[in-house]
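Labels run A, B, C, D, E and F following the written order; every chain starts at residue 1.
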Amino acid sequence: MRPLIGLLIILSLVLSAGLLFAEDQVQKTNPPSQAEQHAAAQPASAAAAPAPKLDTGDTAWMIVATAMVMLMSIPGLALFYGGLAKRKDSLNTMAMTFVTFCIVSLLWIFYGYSFSFGADIAGLIGGGEKLLLRGIGPNSISDLAKTIPEYIYVVYQLTFAAITVALASGAYIERMKFSAWMLFTILWFSFVYIPIAHWVWGGGFLARIGALDFAGGTVVHINAGIAALVGALILGKRNEKALMPGNLTLVVTGAGLLWFGWFGFNAGSAVAANGIAGAAFINTNTATAAAAVSWMLVEWIHSKKPTVLGLASGAVGGLVAITPAAGFVNITGAIIIGMAAGIIPFFAVAMLKPKLGYDDTLDAFGIHGVGGTLGALMTGIFADPSINEGGKGLLYGNPGQFLTQLIAVGTTVLYSGIVTAIIFMIIKAVVGLRVETEDEIIGLDESQHGERAYNL
Amino acid sequence: MRPLIGLLIILSLVLSAGLLFAEDQVQKTNPPSQAEQHAAAQPASAAAAPAPKLDTGDTAWMIVATAMVMLMSIPGLALFYGGLAKRKDSLNTMAMTFVTFCIVSLLWIFYGYSFSFGADIAGLIGGGEKLLLRGIGPNSISDLAKTIPEYIYVVYQLTFAAITVALASGAYIERMKFSAWMLFTILWFSFVYIPIAHWVWGGGFLARIGALDFAGGTVVHINAGIAALVGALILGKRNEKALMPGNLTLVVTGAGLLWFGWFGFNAGSAVAANGIAGAAFINTNTATAAAAVSWMLVEWIHSKKPTVLGLASGAVGGLVAITPAAGFVNITGAIIIGMAAGIIPFFAVAMLKPKLGYDDTLDAFGIHGVGGTLGALMTGIFADPSINEGGKGLLYGNPGQFLTQLIAVGTTVLYSGIVTAIIFMIIKAVVGLRVETEDEIIGLDESQHGERAYNL
Amino acid sequence: MRPLIGLLIILSLVLSAGLLFAEDQVQKTNPPSQAEQHAAAQPASAAAAPAPKLDTGDTAWMIVATAMVMLMSIPGLALFYGGLAKRKDSLNTMAMTFVTFCIVSLLWIFYGYSFSFGADIAGLIGGGEKLLLRGIGPNSISDLAKTIPEYIYVVYQLTFAAITVALASGAYIERMKFSAWMLFTILWFSFVYIPIAHWVWGGGFLARIGALDFAGGTVVHINAGIAALVGALILGKRNEKALMPGNLTLVVTGAGLLWFGWFGFNAGSAVAANGIAGAAFINTNTATAAAAVSWMLVEWIHSKKPTVLGLASGAVGGLVAITPAAGFVNITGAIIIGMAAGIIPFFAVAMLKPKLGYDDTLDAFGIHGVGGTLGALMTGIFADPSINEGGKGLLYGNPGQFLTQLIAVGTTVLYSGIVTAIIFMIIKAVVGLRVETEDEIIGLDESQHGERAYNL
Amino acid sequence: MKKIEAIIKPFKLDEVKDALNSIGVQGMTVTEVKGFGRQKGHVELYRGAEYDVSFVPKIKIEAVVPDNMADKTVSLIESRAKTGKIGDGKIFVSSVAQVVRIRTGETGESAI
Amino acid sequence: MKKIEAIIKPFKLDEVKDALNSIGVQGMTVTEVKGFGRQKGHVELYRGAEYDVSFVPKIKIEAVVPDNMADKTVSLIESRAKTGKIGDGKIFVSSVAQVVRIRTGETGESAI
Amino acid sequence: MKKIEAIIKPFKLDEVKDALNSIGVQGMTVTEVKGFGRQKGHVELYRGAEYDVSFVPKIKIEAVVPDNMADKTVSLIESRAKTGKIGDGKIFVSSVAQVVRIRTGETGESAI
């Protein structure tokens, strides 16, 4: 009960601060938000900025894409992570993703969408004019998605926010208090995800300098990966450090659902049923396959056996790395990014982690942080203007793009790293971070929820 | 073998009665069915009743929505229920949903679609002119869904019928004969689902008095919930009354797939890729999240721990309650309905059930019956004409709507309750209701199917 | 390591042979590929061969359909097969499907698409002009799919290739070396799948004689089924011959995902969101339900109990049999095909297999080979020109169609059977076919991957 | 002290346990085991083909009791676990030299 | 030789095992069991309703040791498995007539 | 009567069981256990990192036999379960005071 009360207090504070700030902003008139990342994903003819008009085909695709990205969290990620957790921690691991999706779903409606995608304020944050979706109705269409109902765009973006937070949990499981995790969700979503989403996609300063991030390399994966690393360091090591997957059939199931849903994530980021969506789709599938195979081969050589977990991990690594690049690179770029994404995260996980000694339970940093960085930088190299005129990489005569990508990555790493650390300090003070050692040994399913995954 | 023969006889009787009745009806000319619930979900411009013309975007969305609702049954509901059942009853529980989907799929083609959506006869039942889909071809378009192939509309409605029957099984599992369940499927589908679907959606008398039910609060959830309660009372208590979930990872997986599929259920009920679909989508997600969180918080206070099953149950409660309201209410309405749907069904399940003493194994009544009623009534309060001009609730100056909703709920409860009781009596007489006590203790997987879920 | 090296060598040989051959072909100018199977699935008005122009509705549907067919492999088939395997072999079984999807994803981009769907050479094989997708960009549209981005069409066809190979694994599991399986994937995909796909769908000789195969009865199911049979014969019997499903809840889950994804497979084969897609959709659902029920009833009579595995097997049998017929037959045809598909494969599996004595672990031949043949032949009987003017069967006055179907089936059986046998001989020579007996007894999860599915 | 080890049919567990409790045998330890015996496993029919499952799922109950309780315990288990059909199981009795209750350090009969 | 059979709380397994290893008891066999005793299972709250789970998950450790090691082994297990709370479990000691090491065919104490 | 308890490698179960049947030992009870011994578990490599799994999965066979069958049973198990590699397992023999067949109420050797 105590942690519950703490949680509720924090929640009200965040909420009222947000609303006050909003009241303040709504007074001023803001220029319409800049054409941004996703607009760049539209074909050339769209550049003439036609009046927003609903297209049933685009709408059909984006409704489904939104549902697909939702599926990535529950049950996709919940299964992928839940199956990798020890048997006695699997439900708690699934609950972390589940509760995060629910909390973010509400906060996104309350203030997340407005502060991320409201009219830009100084390149830093969105305005408060859309708090609680004020002014949005069934006929509204956003400037950022000119052919679909704004309602769909709101939920589409919501699903990205939710999974980003949930991804970080992979580094914290098997020891973190459930109440601490909920508090983390509220704070990190509010103070880390929202601003970065605004910077890159909402017309903020990273959008203005031209950083390319098709579907979320920086906003989602680097961001979550850094939070994972910092959090794992502050939380400290688990009592039993082994990775002892409770149920690998769930992991394969989760990986499959993630792959499926990721088509909504990446191809959906074209915000239309068009050729860019097609390019993002084929690049996603190709890079994922390349990464799964290359992870498996490296593992076969390095550890003597090809594992199913390796195939699944490689696939996720490939999905992560192709995310920022999906709508910008050509098929050769996708193959190269995919191959790199099967090899570099493998070594991050197998070599770097033991050396640095942090305890990132499910390698959220090794796969999302490293894979996301890889993808963001390689986008700066391989972005092919004949695929998408909105992006031109080093290989196509624009070395500046690589620098821009570096800046975007650096900014995200710094901001996410520092604010995550502060948030962990606050949580430690308010409800505490870790469960008791005995509760950890007994398992978090029993100690946090009073449940067991299986009565077999 | 004996029950099998009984089943086959009943099936032939139902079939021939249906066909005879149909022959009779086809003679008369019926006026085209009234514009109904779903038509109301179309935007204003559609009111001019344009000629039916296929729209590829709407068609794309509705094809996928149909597949998504199919997924809700197999494996969605099968997993949700199968994981909650005792280990030794999990396959039987899954088989109940599986076989029901198959049987209803066939009967819907034979006579279900025609009697539900055929030309209205006296407000009570559809005509027989579409038996075995007579007259429907690849180019047919129904008046009720003017931009998509009628074939898709037929299967879309089929998936609703199938899951409604399957939902009731949650109250009967761990003791009911498999043959009795199949007989129940045939009879209840024919004599309860079909008429109520016609009354509300097929131009019947509840449609005419203006009852609002966007995606199935009365037809699906109240209907199944009452059948669950009545059936549980007649079946009597299980030998071991505990809820002892065999595999909660399946429950989370099932809940996720239900949530995903429910977007097809609710947003698909706009029968178009438009802003109403967008509203239904965002309301569905919001209410579900609110209900999951509120169930978890109430449980945390009431039972000292937040459970994963609580999160999943709350989510399903939210999905149920928002179903009739999804395309009518605004976002505030969705939040309030969601919060109520996490709290009221919780107390129905935790307090009411023990007091009344019926043994509803998986709380099909507590969640679907209570949640559905809640949603149907709150639709009468919160329906906001600025979201959908087809619905105006008490809060927007139309107190009569609440009364209409009460009538619709009352009619459904009465009709479903009485006919379900009669059907159970018939089944008892024909094949018997319950398995032997020893078979119940050994488990229904072994005794009904000769299988075990796991050989671990 | 040794098998790994063998694999890599073979891969490079296949690759370089392909590329050389391609270089050769690209010189010559090829006439555009014939209008084929899928074109026939377009409504009459399309016959005037309008200029390719992207339609957002068709594109929306085909993007999703592609994702749905991907889901059929991972996790759909992986779960269906993995749950049926013995506990100790379940991960290996899942890995076979997983790795095949990845390998085929890459090879399809490298040369598969080009040799299957490139400009026809002598009715036998496609040209090399599209190797590595040369010349295809976001704005490309294929003549075979005139309203969607070619990128989507490429991946859509890819998902068919991948699952076809994976289907055969059902006959080989619980004894085949993982390296041998990977080699099989490379060779069989290259030398069996690609040519047959070209013959039927890529404008090859079977397309020219007018063989009807809406979504893959010959190319996918007969082809995989024959490979399953031939491979099972050459591999020999397992040490423990029983079918001892490790986890039937996974089987039900997999069956549900297959059913769901199959709507993408069959209705997607209309390559448009239109009435033919609607017909394929309703036929698919109806035949599947009919097959599940009829398998269950036959089993009930034959083996005294209706099993969950029977329901699931019948459903898959129905999905297989309706595949070639889905967009050609009317609803009565679908019901008859479905009923036959629940009965004939059952007897193939229950009677024929024990008599002939081959050890097809999961009945890939009995279900896909027999069911596919059934469907292909019945398409020749029931194809109804009022559903799709592209197909006219024996019942509608065109007995020649049945003969044509027989030729297509025979050709596929012969070619697939012979080349599969040769490929198995090559694999035996290069890396060997079977694991050691002790490794087989210990289980392939442990011996091939060093993993266990469950740590429960 | 005696250790009573009974192999019984799983669905008889609750009945046997309640009976033992009623005569004051509070402590027991239960294990899920596979039994091989005269009762010959069963035939499973998957896809119409028969497969022998050679074992039968059984429950093993272990209870250590004071010597003077042993006979009573055995005959109680016997009467409650009996269905009269093949596969009802066996009861084995053997000697235990020492018992320690970990929580208190008590030993001998008072530790049971 | 003596067979030491200890029923302990699952989360104590690692500690007990390491302690036994440290005094030279290398071999042991561990089984997951369900315990019934004074510790009364627990109440699970599903959907607000209470359900008694009558058993408690326990771990059974079996180690056969030479006679002269028996007391030491017992008291070591006792000290390491103890939390002082109800349900800490029991240790049973009984005689073993013969031991064979399958790999070598050794018998008696040298086979342990 | 003697209780023969053998801890063996899982993949030897079928062979041992068939051999015992062949000399007339019809009844036995089998449990899945975790073995700790000289054979040191194994190293699992997940994502390139090594994790020690300290136990090895083993099978425990328990068979109660008449005194005169004990030696034969032991040596048969020994010969069939042997691979010569570490971890082949152990056989323990101890006395059983009484046996009851629940179905018939028979006791002693005739109950086995």
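We adopt the following convention: contacts are C-beta pairs under 8 Å (C-beta built on N, C-alpha and C of every residue); 3 or more make two chains touch, one makes a residue touch a chain.
Because the structure is predicted, anything quoted here is derived from the model rather than measured.
Colleague: Treat touching chains as neighbours and tell me the shortest step distance from chain D to chain E.
Modeller: 1
Colleague: Across the interfaces B-D and B-E, which one involves more C-beta pairs in contact?
Modeller: Of the two interfaces, B-D and B-E, more C-beta pairs touch across B-E.
Colleague: Measure off the straight-line distance from the CA centroid of chain A to the CA centroid of chain F, and report it in whole Å.
Modeller: Distance between chain centres, rounded to whole Å: 52 Å.
Colleague: Using CA atom averages as chain centres, what separation in Å is found between chain A and chain B?
Modeller: Each chain's C-alpha centroid was found; their separation is 34 Å.
Colleague: Measuring centre to centre with CA averages, how many angstrom lie between chain C and chain F?
Modeller: 46
Colleague: Using CA atom averages as chain centres, what separation in Å is found between chain E and chain F?
Modeller: Measuring from centre to centre gives 18 Å for this pair.
Colleague: Please output the residue numbers of chain C that touch at least 2 other chains, ranges allowed.
Modeller: 55-58, 60-61, 64, 244-245, 247, 253, 304-305, 307, 309, 450-451, 454, 456
Colleague: What residues in chain F touch two or more of the other chains?
Modeller: 31, 45, 94-95
Colleague: Show me, using the given definition of touch, all chain pairs that touch one another.
Modeller: Every pair of chains meeting the touch criterion: A-B, A-C, A-E, A-F, B-C, B-D, B-E, C-D, C-F, D-E, D-F, E-F.
Colleague: Which chain A residues qualify as touching chain E in the complex?
Modeller: Chain A reaches chain E through residues 438, 441-442, 450-451.
Colleague: Mind listing the chain D positions that touch chain B in their complex?
Modeller: 10-11, 44-45
Colleague: For the complex, which residues does chain E have touching chain D?
Modeller: Per the stated touch rule, the residues are 2, 6-8, 31-38, 54-55, 58, 60, 74, 77-78, 81-95.
Colleague: Can you list the residues on chain B that touch chain A in the complex?
Modeller: Within the complex, chain B contacts chain A at residues 43, 55-58, 60-61, 64, 68, 86-87, 244-249, 252-253, 255-257, 259-260, 263-264, 267, 272-279, 281-282, 285-286, 288-290, 292-293, 296-297, 300-301, 304-309, 311-312, 315, 331-332, 335, 386-388, 454, 456.
Colleague: For the complex, give me every residue of chain F touching chain D.
Modeller: Residues of chain F touching chain D: 3, 17, 26-31, 64, 94-103, 105, 111-112.
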